[in-house]
Amino acid sequence: MTSENYYLTLTCPNKPGIVAAVSTYIFQAGGDIEEAQQFDDKASKRFFMRVSFSCPVDAATLRAGFVEIAKRFELIWNLRAVKDLKRVLIMASKLDHCLVDLLYRWRIGELPMIICGIVSNHPREVYSSIDFFDIPFYHLPVTPENKPEQEAKLLDIIAKEKVDMVILARYMQILSDHLSKELTGRCINVHHSFLPSFKGAKPYHQAHARGIKLIGATAHFVTSDLDEGPIIEQDVTRVTHGDTPDDLVRKGRDLERTVLSRALRYYLHDRVLNNGATSVVFSD
Amino acid sequence: MTSENYYLTLTCPNKPGIVAAVSTYIFQAGGDIEEAQQFDDKASKRFFMRVSFSCPVDAATLRAGFVEIAKRFELIWNLRAVKDLKRVLIMASKLDHCLVDLLYRWRIGELPMIICGIVSNHPREVYSSIDFFDIPFYHLPVTPENKPEQEAKLLDIIAKEKVDMVILARYMQILSDHLSKELTGRCINVHHSFLPSFKGAKPYHQAHARGIKLIGATAHFVTSDLDEGPIIEQDVTRVTHGDTPDDLVRKGRDLERTVLSRALRYYLHDRVLNNGATSVVFSD
Amino acid sequence: MTSENYYLTLTCPNKPGIVAAVSTYIFQAGGDIEEAQQFDDKASKRFFMRVSFSCPVDAATLRAGFVEIAKRFELIWNLRAVKDLKRVLIMASKLDHCLVDLLYRWRIGELPMIICGIVSNHPREVYSSIDFFDIPFYHLPVTPENKPEQEAKLLDIIAKEKVDMVILARYMQILSDHLSKELTGRCINVHHSFLPSFKGAKPYHQAHARGIKLIGATAHFVTSDLDEGPIIEQDVTRVTHGDTPDDLVRKGRDLERTVLSRALRYYLHDRVLNNGATSVVFSD
Amino acid sequence: MTSENYYLTLTCPNKPGIVAAVSTYIFQAGGDIEEAQQFDDKASKRFFMRVSFSCPVDAATLRAGFVEIAKRFELIWNLRAVKDLKRVLIMASKLDHCLVDLLYRWRIGELPMIICGIVSNHPREVYSSIDFFDIPFYHLPVTPENKPEQEAKLLDIIAKEKVDMVILARYMQILSDHLSKELTGRCINVHHSFLPSFKGAKPYHQAHARGIKLIGATAHFVTSDLDEGPIIEQDVTRVTHGDTPDDLVRKGRDLERTVLSRALRYYLHDRVLNNGATSVVFSD
């Protein structure tokens, strides 16, 4: 049998012997560790680990054999064959720079995922110059009145398409509290500021008024606390007094694209582990 | 007569002809413009300009001749011979990394200024390994009880020494409202966060708890609104989930040094102009 | 008459009075300076200036009136109405990330230019998922044998379409010495290294072998000296020992896009002035 | 017995089971892994690992027990108690910014090391404002004539003081071929350019002439190939056409300090492993 590539991620209360148990298990299954990262959180006394390895044993057998170790160390864990791609739903609005960027990176193989659908509150014509290949497009217009129905339709799509992660690619609508809770841990947003500065609306205008010298963008998990979910990735770029709010918007587009695509890439490689209000990101 | 180097800075309501008037005046005085920068603030409709030039005419004569132009364009302006160094007072506390850095840059000529004094709430022995040359040292211990007296002594020193700018080089005391107002526009602080995030105490601990991916430092003018004064310079550095609050403190020291020394350097070259809640910084 | 926006760029031997003459001329024509930058090169004793201004006078009249000043100061100069867009020809090969990026930025108005054509050594089908709108596409396959003819056809297109600037958007062919000379000052290339390191072929592999800690990209004018023309813009990103050459290629794509689009943007706003072996770039 | 902290570093031909063997050994010795990093070099087929752990067993016993594993996997390895500080010799010349910076970081505990001595080709008076505490100072003037003797004296100091690493903190002399070979792997230099660009003398002047948009600094191991040894750390900062060579020197000082201190910090924590012409750097 040929070898399969796997990602194993786990977290547990910290105690000695975890690395030895995990690496010995993989070795005895004939596996070869390609990359391993770990983090020992002194504050929460929790341990986090990600192992990328190749192994001739199939996923089901590996999982079954791992149960005993998982029990012994009280692991929350996940084992995934790299070839079993994550299923992603992209939500966009009129500003399409993040959408176009994600599609491009996906097309050339930089983001290994299955795009289950593209959802927008605008019709397909708005994206007439963009090739969606055979990705289903859903036009879900939203108004204050129809929001519950629109979000119900969205949840239907998510369920029907077995979506692993919803990506808000500058989707300019605020999700309802209900939907935010429903999608906790399953939805990544890009906010156009260096959070926690300038939460909420028009962050570039807020930044301009404050006379900031660097603007930023933040990719984070959505929670029911607006712009307060665990941060995955951030970046900044220099601005000056001479930059108008429009200039900040322009410079910010590059940041938003970069930050969102990096966060998504980390997610797609199982590099992001939840740690309460924060994220452990085993970056490459 | 040999030529003198000057910095001219000005701001006024924007109307055509300012650049022509200023540059013609300098030309007719036999001057040669070395560097000129301008900013036309569309929001406030104000114009800002900095000109560095050499000229065989002395400062008093240049100033006298410029009065007519200043009046015509309603200028707020300043003309300074580069050789007339700014007078700076440095305030420090136990953490001496910014103090040591400023003294080093001053010693090797990177920061052209007269250091009128070093003020600390700790005695001279705390800085036993630092050479203060012949800079006067003032030990002004501060307690909740003696704060008004201590600040009065400080204002005395500032007046007596004709201090142009007070530098809070990680001076860990919060200035009273009275002193902050007194020193508005004459006091630069370095805050150990990327403002406006994490105002107030223990910003590195706040940043760690929030799971931020970049930490920052900010040099800003002190106003009576704590950590809300016009920003002069900011910078950030990358951190990860693995960085403890102590690691952030260590990484932050480099940021604080860099940001404060850059802000001071801009100030010493008359590159910082006030624009309401923000600063115009004509960086080189 | 309503106002027109202009860019004026000039260079001349440095002597006093240029700024005064130029700004007075603009003022007397009823113009209002929006942005002005200058550079006094002590080494070459040359002066460089860029002025962006609005003015109710038409371009022809402005140019005619300026001749006297130009003569007096021995100016090499250019005056352009902002609305008279530059004409750009993009050349691409199989790697289409720069091409797609430039088209996107052009579509959303970030790069104000007329794209006269897209030239490739590959047929149109290779770009099947890209919308070229009504931009003419030229398939000019190149082999060692037909290179002179292919380049002749290219020069025909450049002449016929009155192309101002040719952009090599990761066009993987080396131009002949003849063509390079022909296009000196009229052709911008993006090289996938931090020049002058790693000139020539496979720079990411060279960088990997050398164990470099940051990789870069460089946008520069093409000259007949391969990868030696004046640099317009550069940027870098961090890499580690763990990054394979393929990882460098991936990380480099983002750099190449950013660096080329910034260089082109500077060019389209007349911010790039030639200074012998280097470029003066009046960035915003 | 209380626990001791250790760093274990190793490299070997890659084969499965190393991580399991190492982590099991540490676990069975009662140890707790704090941090572990590994690198599987596909090109050289070698494996690299660094483990930081605490353990109640003493170093000698741990080393003795590890011999069997080391033999089985053909390890080149090192185990060190964190409290056994590295012994470092600093060499400086007139430009003292790196020297001052290293001393400062050492004084406040940022660089855990024993400074065995400071060597300079200038006398002690040149550093009159610097507190050397009780670190021995060696004045070893160098001329073309006395170079062999001077280097012999240096090697004597290195031997007598059991120096682990020589730090060239902007020591402006080129080491002889003989000395370079003698110190291979035991000497870190900071070069004031982004290597491999601008090797040799006056790199800032070379960079200025080439019109570079970012300048850099590089910390690397010294080998007998001038400026060609394995790179440990690099960084860059933005410059413009307006920066003179003197400005580059000023901006470069900050880079040199940062890059050298980071490289030294990595070394002092056993984070730097040799990999032929390159370095594996397990950064934190």
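When the chains are written out, they are named A, B, C and D in that same order, and each has its own residue count from 1.
Simple rule for what comes next: contacts are C-beta pairs under 8 Å (C-beta built on N, C-alpha and C of every residue); 3 or more make two chains touch, one makes a residue touch a chain.
Just so it is clear, the structure is predicted and the values come from calculations on it, not from any experiment.
Averaging C-alpha coordinates per chain and comparing to chain D, the farthest chain turns out to be C.
Superposing the C-alpha atoms of chain A onto chain D requires a rotation of 180 degrees, rounded to the nearest 5. Measuring from the averaged C-alpha position of chain A to that of chain C gives a distance of 36 Å. Separating the centre of chain A from that of chain B, both taken as means of CA atoms, is a distance of 41 Å.
For chain B, residues touching at least two other chains, in rising order: 35, 242. Listed in rising order, the residues of chain D touching chain C in the complex are 39, 41-42, 194-198, 209-214, 216, 230-236, 240-242, 244, 275, 277-281, 283.
By the touch rule above, chain C contacts chain B in their complex via residues 16-17, 19-20, 23-24, 26-28, 30-38, 40. Residue ranges of chain A in contact with chain C, taken from their complex: 35, 97, 100, 104, 107-108, 110, 129-131, 133, 242-243, 247, 250, 253-254, 258, 284.
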